[in-house]
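First comes the structure, then the notes that go with it.
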Amino acid sequence: MTVRYKLGCTLSYQVLAPSVFIFNIEVARLRRHVNMTERLVVTPDLPLRTHTVPDINNRYFGVHASPGPLTIHYEAEVTLDPFRADPDTVKETPVADLPLDIMPFLLPSRFVPSDRLADFARKEFGYLKRGFERVTAICNWLYNNIDYRRGASNEQTTATESLILRAGVCRDFAHLGIAFCRALDIPARFVSCYAYGLQPNDFHAVFEVYLDGRWWLFDGTRMANLDGLVRIGVGRDAAEIAFCSPFGAVDCGPVEISIDRADGLPEPWPRTIDAISTEEPAPNAGAL
Amino acid sequence: MTVRYKLGCTLSYQVLAPSVFIFNIEVARLRRHVNMTERLVVTPDLPLRTHTVPDINNRYFGVHASPGPLTIHYEAEVTLDPFRADPDTVKETPVADLPLDIMPFLLPSRFVPSDRLADFARKEFGYLKRGFERVTAICNWLYNNIDYRRGASNEQTTATESLILRAGVCRDFAHLGIAFCRALDIPARFVSCYAYGLQPNDFHAVFEVYLDGRWWLFDGTRMANLDGLVRIGVGRDAAEIAFCSPFGAVDCGPVEISIDRADGLPEPWPRTIDAISTEEPAPNAGAL
Amino acid sequence: MTVRYKLGCTLSYQVLAPSVFIFNIEVARLRRHVNMTERLVVTPDLPLRTHTVPDINNRYFGVHASPGPLTIHYEAEVTLDPFRADPDTVKETPVADLPLDIMPFLLPSRFVPSDRLADFARKEFGYLKRGFERVTAICNWLYNNIDYRRGASNEQTTATESLILRAGVCRDFAHLGIAFCRALDIPARFVSCYAYGLQPNDFHAVFEVYLDGRWWLFDGTRMANLDGLVRIGVGRDAAEIAFCSPFGAVDCGPVEISIDRADGLPEPWPRTIDAISTEEPAPNAGAL
Amino acid sequence: MTVRYKLGCTLSYQVLAPSVFIFNIEVARLRRHVNMTERLVVTPDLPLRTHTVPDINNRYFGVHASPGPLTIHYEAEVTLDPFRADPDTVKETPVADLPLDIMPFLLPSRFVPSDRLADFARKEFGYLKRGFERVTAICNWLYNNIDYRRGASNEQTTATESLILRAGVCRDFAHLGIAFCRALDIPARFVSCYAYGLQPNDFHAVFEVYLDGRWWLFDGTRMANLDGLVRIGVGRDAAEIAFCSPFGAVDCGPVEISIDRADGLPEPWPRTIDAISTEEPAPNAGAL
């Protein structure tokens, strides 16, 4: 089943001195993001510098703004055609079979010090059946053990701190899920997205796990449908895909985000129990 | 049942430049440490400065050593007559009824950042029946979730680090147990001791928890009998009761510790299931 | 020169469920706090439990409050008669000559992990002339290297974090000053006080350092006169002398603090250059 | 001046259970690494999986080893023809002119939490003249403020910890230099290499900084000539370019590294004062 979404965001800033902004708010161009139409309006009308990261398809644009107000308005329509599978059929890929270009997603990163969690992850999840089921167990652990609480964390909070504090927001749930996976030698990465059904409307963060030759979506917060996530970017962790990185003297104004079904139908319920992927199989897989 | 123990230690150092040493290796003088005889030999024969901390009875002695070898030999015999109670009868003391001079043992300390563990402790232990039983649950959690592993920690490891690493030595078990208790508003403190039955022989660390008007012994490692612990010192955490604090240029040599039953009988088995205290009831308790 | 101050505070809370509060807001009873008169009003009129810590003279009181508003009003008048000395005459006390009961103030504590700063302190201050002058150099370093900035820290910030962030409030300046001293084997402790001249009015935090047989006041923030500090409490760090420790469900309302000269004269200027102590010489000093 | 080097390493392991190893020990194929000849011998003779990262040219190879001994022997000859410039001519690239694909090297990473060092870096280096000179000042600061000391750090040590401990090894010097640069909005990355003249022989770690459209080498340890560094890999930090990443049960044996001039001439002295780069100008630079 495919669904068409209309989504967008409006970001406002007061620029106090000449400043550079890098944005990552545009929907990734993926084969499973079908028939995408987009509009980006920068006010005032400034030249844009753009960059799409090879392979992972993150789209960045930069502007160099003079003092005064700056507004970014982005809107898109896109039909989601995710790949679906029966979770029971999705096996763990042995390390020996991981493509070498996926190995970086086994490494610790700024907010995911997975190198410190080897014993923790082994003790909590090491004995479980490997595959999609084990990552689902990690998500269940997150849901049952971490409180979703605004203000419990800040932009420097790491997964180990969230583990101690036992509270956080979607970003922290994703970081901790990624940390457990990497500590178990399962590649995992951070995903920023528009999330249909998320309340209140905001950018959302989930994570992807590499299993059985492909990246699969997971969300420990249970706050949105996995097949209603429209991906913006992927990265080692939140550091790589901030929706806005300002360099200079800037006051941040309001952020408005929206996503709705283009057909006006209500959110599907119950939520999907399929394994969901918006990625193609990794092209260069090959066992030793 | 009382048992008489003979115990002692020999500590060796090579002093490279004039140095001060503070030791805390002598058995605490408590009413339940009965008929204690002791011998302390410092080689070379240096003047000692001594200090016994009021109320908590920690005994420190200091020496000012010149370059050359320094050896400390201590031995004692003491009969342990601990106070015993049925664990089921030991209730939690409400905060409103805690003596104000016991309140410091609710505070976070260097190795026990309990202020960061409020949510963690509440989630794991908050729903349990209060009293001795809940602290026993904490000890069981430690035993089941933390690996005893030499080298997993060092002298700067905190309870939150142990919680993440899920491994440590007796000092780390005690710190984490104390952290959980304080996070639940239960006073707890660190105890250094000679421990009958500990393998291999070493100084041991356990913790005491204030319940029902009295301090009770707990040990998450299950490495020794609670009624075979001969207390040396108590403190907020390990920082306060290092067995040796050298100031100066010193090489540390071997440390030998021993404790045996003076009557030569074997270690009792099974281990006690009594609640064990070597302290008297707090004298100045009084409810608001 | 002695000056008489009138000072006080009003603290307001909304108690949501039966709660215990411990307060440490009363002026310490010291010989150099002369002719003190005080008034404490708790509304509603609840029974108080009080405790004065031996030797260090911190005064705590506890109340057990029912749901509803709670207001604490304290006021005092006191004449400050600090001990003064020429800073050049105040020497460092060698570790060998430190009273053993002062040794705990060499130890790391929750917010002062001085055990991690040995190299840092040695590199920055190790080569300086020992004594009052070296601690003054530490205060100058704090003033020149740390920004005073509200919001830069929170109630869990440690001295090492402040050292990295290079910003903090009075509490953080005191913690870092204490950390450097302890790392250099100089006893140091945290002091909470009413501070004449502080803008805006608030509780203030400074630190005391044990030199030449006595505790001396230091303040790296340069925000108030050292001879206009009216001491409330001393402790290893801020953990021990919170002005209010609530246990229960409580909303904190406004805090009002005031201190003025009882004679209405203006603040003295320039500030004192004397070494200032409000303590007597340590009674049990004695060299090995 | 070009110099030809012969270099290599021998790494030995005892494999206890079937394990995967990823190695990054081969010299990067760069235009300025001229006339390279190489030999790689894996004993036993196992199939290799190889991967060269686009753009940055890191070369990885993986083996899947059965229990028993495993030895990796690598040797190469290569002529270094680094790009040289007068340091005074190398300017800082304004953020507005940074290619977007270089921006990731402004981000914090596992061992480089540069997001916490903005104030520190601004206070120490913010007032300095921008360009090569300012990064040289950072290297001088490292050399003067951090002790090179084996054992002061471990494989989990971050730049902020090194900053507090004020001691570390080449890896820590590089991480801290990178942290300061990123905190000042200067792209910087970690470099692993064979280093001619390094005593004792070992893999070396330095860092590269993006200035004036090109990556330049820097080394705060002053342990080797910048024009005698033969690059292996570059990455955000050490996490990305471990020379060996084992997955499985493995005992690590000795590591032997060597690098000599192929012409047998002695090490040049004094060391170069040129700005040294082994990279070409970034191809996609373009100002907004």
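We just call them A, B, C and D in the order they show up, numbering each chain from 1.
Please note the rule applied: a contact is a pair of C-beta atoms (placed from the backbone, for glycine too) under 8 Å apart; a residue touches a chain by one contact, two chains touch by 3 or more.
Quick caveat, the model's predicted, so the values are computed rather than measured.
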Least step count from chain B to chain C, where 1 means the two chains touch: 1
Given chain A and chain D, the chains that contact each of them: none
Averaged-CA centre spacing for the pair chain D and chain C, given as whole angstrom: 47
Multi-chain contact residues (two or more partners), chain D: 116
Pairs of chains in contact (touch as defined earlier), listed by label: A-B, A-D, B-C, C-D
Contact footprint of chain A on chain D as seen in their complex: 20, 22, 46-47, 49-51, 53-54, 60, 62-64, 95-96, 99-101, 103-104, 107-110, 112-113, 115-116, 155-156, 185, 239-240, 245, 247, 286, 288
Parts of chain C lying in touch with chain D, wherever the complex brings them together: 116-117, 119-120, 123, 145, 147, 160, 163-167
